[in-house]
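In the two complexes below, subunit A is the common chain; its partner is subunit B in one and subunit C in the other.
Let's turn to the complex of A and B:
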């Protein structure tokens, strides 16, 4: 009797879990394994696969300059995230202050985050326009530059310009995460510090910053993820160019697979990207977890 | 009292920041309604004799209605099935069963695999199933989000056990417990689920770009990127198209601002 009930319960649970697990199996686990297989194979659509050993990895590391360029761009893109986090911290402190209409400010700053990246990329491309773009117009009017700059067509400016858009879009999101962190800090600490006559500056570094650390790391992890996944913005704004100046790993993988049909090599690139992604995320999580533990 | 006198620098800073965040939207709107040549220099700050010519262009000369329908159709399927599948899985995870730990571990590790790292085999699988160029193919990878399962689980776990037990003792069938007890108490989980699956599906470019070949099947982001590659930035219609692509998101945002912000943050903080 008892056993029967248990079996029924297990049946119910499996029924409830099946659809979701099936999706994750087909679109997460299977692709990961398949990528791994691809990365050790010579294969093109409608050809029989052949074992390739480490050939793809060998090519990637020793002969593929674009891979290294894409990798270094991805890391530079990631390195822009601490700037975004620092800015977001300032903004979060400002919107956490007791000022009227702060909810309006929060919404105004947040709203860029959920916007369709394709449209955002097009909007910024227009702002960056060499002849009539708002940015060039403002910089010229203020006398900061003498000649208009073709931001997205220049190998020097293209990557920072695209990064700026990425930062602009994610800033509001970081702000909200940090705001949640700020609001969880007990007001008593500040009151005690104020009684002791501690300056605002010291209060920030002694109280706010250490207690905000988990939220800061969370932002960093999200920033890392975004540097590995920001396909849309790059695809729309520069297509990875000029040359490969704004090529990220993800855009390079897309091109290798779907423009050149080198699925096998793209599989190896994906494995490389995934390992890097996992490594950095785990390290960041670890540090965040360790720091979070320290506070309690 | 001191505080009151000193809020103006904060206001000043916040107004400046808000302007920087909002000017791009103003600029695209201004360009989209400009009656003049959009390449006139210097660019005018206010639109000169504004009209909706570019919007009419987008409506009639590209299959915008078609793109819009495709997007809405896919998004609707995605939201509906996400609610069903995630609530089901979330409910299952509130129970104790053999292998629960394995399932949890599996879900948490799947969360570490970004969709972008799966595109090649995902394309090959979808091709094998004969679902390239189809609505089902578009929706399939997005039909369940792990984060939403965990949000449902947390929400169901928060329902008082005594309530569920009482219902069970009264002989209320399992499905009725879900619909009459669990779900009405999980409104915010439902809202989060709807918002997250809406945003992720509505904005998705990469997946449609890979599996869609026909113009008929293009979604708004894909149509927009094709429009860009055909006409580059030569016409103001491009910006009218952008505005039309952003309006639904802005609409949903204004409709449910609080849930929207909370939903997106809880989507991230549980990662």
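Let's turn to the complex of A and C:
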């Protein structure tokens, strides 16, 4: 069937892929399948599991207000990502321009990404603090506010405040992706455009933007993933509170499983989140013409 | 009307000077080729004319106007890049009209110009394709089309043919030449290929290490090279350089024990009083000796390279390697012996110290 060479190549490829696939299977696919099983079961520690049918999903959709709040927060949190991408694009364009000391800016902006989310959360918790926080101090000194604001304890400000940190942290990563995208665009195109008398505005929208689209899409996918997985940041800063004001699906799943020991219900929530995530990614990929992360 | 003039143009990158005071005056509708080895500053000069590179010192004038401070778009030039610089996400048609759209030209006019150019370049059937769906030669044509539709005063080409295979290069060379006759615009063309330079140029500018070695018509740079560098760069296979000793009056030069050349009259004054001189002999200046030759050289052929139309033979003059171009029907083999002589009218003499030609006023 296959030629000899072909067979040998297949063997080699399978051999090299096996460790990665094995890890992927054990840590990703198995838990997902396990969650799927859980979500259709009544399962309590030290009790015999029973088949639950769609009971958990029924409860989630028709009776669980927290689920809906967490879902809406997650979507709002996700909506912050396009803002982060737009900001990162502007920063990447500036850094990519030939300005002095750009390596310093580049590193300074990127440094937020590899920082541990827990550390980031703690730092920002302090920055947002009502009495000793830098942000309140600055706002008060400038006379923008008269009374200090308890950002993370306020149902109004908590979610935007947390989103801001999320955006801040991921900005550097987006910037690096977009910078790579920008640098893969041949400099000659811009020279040709300059000779042709192209305005900066038209140059951006007709040359840079279309050629950057795959990188922008990659950022979008990463942004979506992060809004489904930003657990540590939120958990450290607000624990999902006040009330459920900053509850995301991921923090809600954690609490359900490990604080309430409802592993079966948490399994159903996880499956729900996975389906949502898959749906959004597929739609976005369709919109982007199926070229996620592709570099021309 | 478009003349281009460079006055003592210098380019520095920091402390490093890479173009050292180039002077060049290009006439309207002239086809000038800048040629030289890699790194000699050809692209840098072209890019300074285009306005893509700052001019460190000196002046560049287009139509007698100093353009040093003008933006590229205001210089009324068009440039074709080595890697074509086509917009990969736009179709051929969009690539060609992109520049015109910047200039608020009426849609109908743009359509007409693009259509005209596509006919000239034979691109009618490819107008809705993306660059990646085109062959190298077709991309090259699109790049030229994008330049043509602009109706520029000056065309700049930076090694536009170097990404093409040998055959296509020949075809495109002819097309560029035809194109020049058709649109009758000033052209500045950069290449490191001396064949391209010789076949395309009205005038050739030979560059070396950031300065001009010689400016002249293809015939001039070939027949009266100003230096060893030019003589060696132009012509293929390259000219033979052999050290010869000069007689006191300068009327004979000895290359080997029994091989003495009698230079034409006009060299004598320059040769007189020198002891050694670099003799330049083009491969085709050798011929198989006959009875009329005053001095002949008996050689033993090391290697024979038949090219079909000609045959190259490699041999030694004393210890110096030499190559000659002879007619193929001699049926020579390596190891054969042969008597050769040279056409003394076509030989060159250079100063062995600085490589400059010793040619007197006759040239």
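Definition applied: the second predicted complex is superposed on the first by the 262 of 296 C-alpha atoms of A that agree within 3 Å, B and C clash if a C-alpha of one lies under 4 Å from a C-alpha of the other, contacts with A are read in each partner's own complex, and residues count from 1 in each chain.
Simple rule for what comes next: a residue touches a chain if its C-beta (ideal position, glycine included) is under 8 Å from a C-beta of that chain, and two chains touch if they have at least 3 such contacts.
Because the structure is a prediction, the values reported are computed rather than measured.
When both complexes are overlaid on subunit A, subunit B and subunit C end up sitting side by side without clashing.
Touch criterion not met for A:162: it reaches neither subunit B nor subunit C. The superposed model places subunit B and subunit C at 80 degrees from each other around the C-alpha centre of subunit A, with the value given to the nearest 10.
Note on subunit A: of its two partners subunit C and subunit B, the one contacting more of its residues is B. In the superposed model, A:71 lies in contact with neither subunit B nor subunit C. In the superposition on chain A, contact of A:254 is made with subunit B only, not with subunit C. Of the two partner chains, neither subunit B nor subunit C is touched by A:234.
Once the two complexes are overlaid on the shared chain, A:189 sits against subunit C while remaining clear of subunit B. When both complexes are overlaid on chain A, the residue A:199 reaches subunit C alone and has no touch with subunit B.
For the overlaid pair of complexes, the smallest distance between C-alpha atoms of subunit B and those of subunit C rounds to 6 Å. Within subunit A, no residue touches subunit B in one complex and subunit C in the other. For subunit C in complex with subunit A, the residues that touch the partner chain are 50-52, 71-74, 77-79, 81, 83, 85, 87-89, 98-99, 102-103, 146, 150. Remark: subunit B residues 3, 7, 10-11, 13-14, 17-18, 20-25, 27-28, 31, 38-43, 81, 84-86, 88-89, 91-93, 95, 97-98, 103, 106-107, 110, 112-125, 140-141, 143-144, 146, 149, 174, 199, 202-203, 205-206, 209-210, 220-221, 224-225, 228, 233, 238-239, 242, 245-246, 249-250, 253, 257, 260-261, 264-265, 268-269, 271 touch subunit A in the complex. Those residues of subunit A that touch subunit B in the complex are listed here as 9-10, 12-13, 16-17, 19-21, 23-24, 26-32, 34-35, 38, 91, 94-95, 97-100, 102, 105-120, 122-127, 129, 131-134, 137, 168, 171-173, 176-177, 180, 218, 221-222, 225, 228-229, 231-232, 235-236, 250, 253-254, 257-258, 263, 266-267, 270, 273-274, 277-278, 281. Residues 186, 188-189, 191-199, 202, 206-207, 210-211, 296 of subunit A are the ones that touch subunit C when the two sit in their complex.
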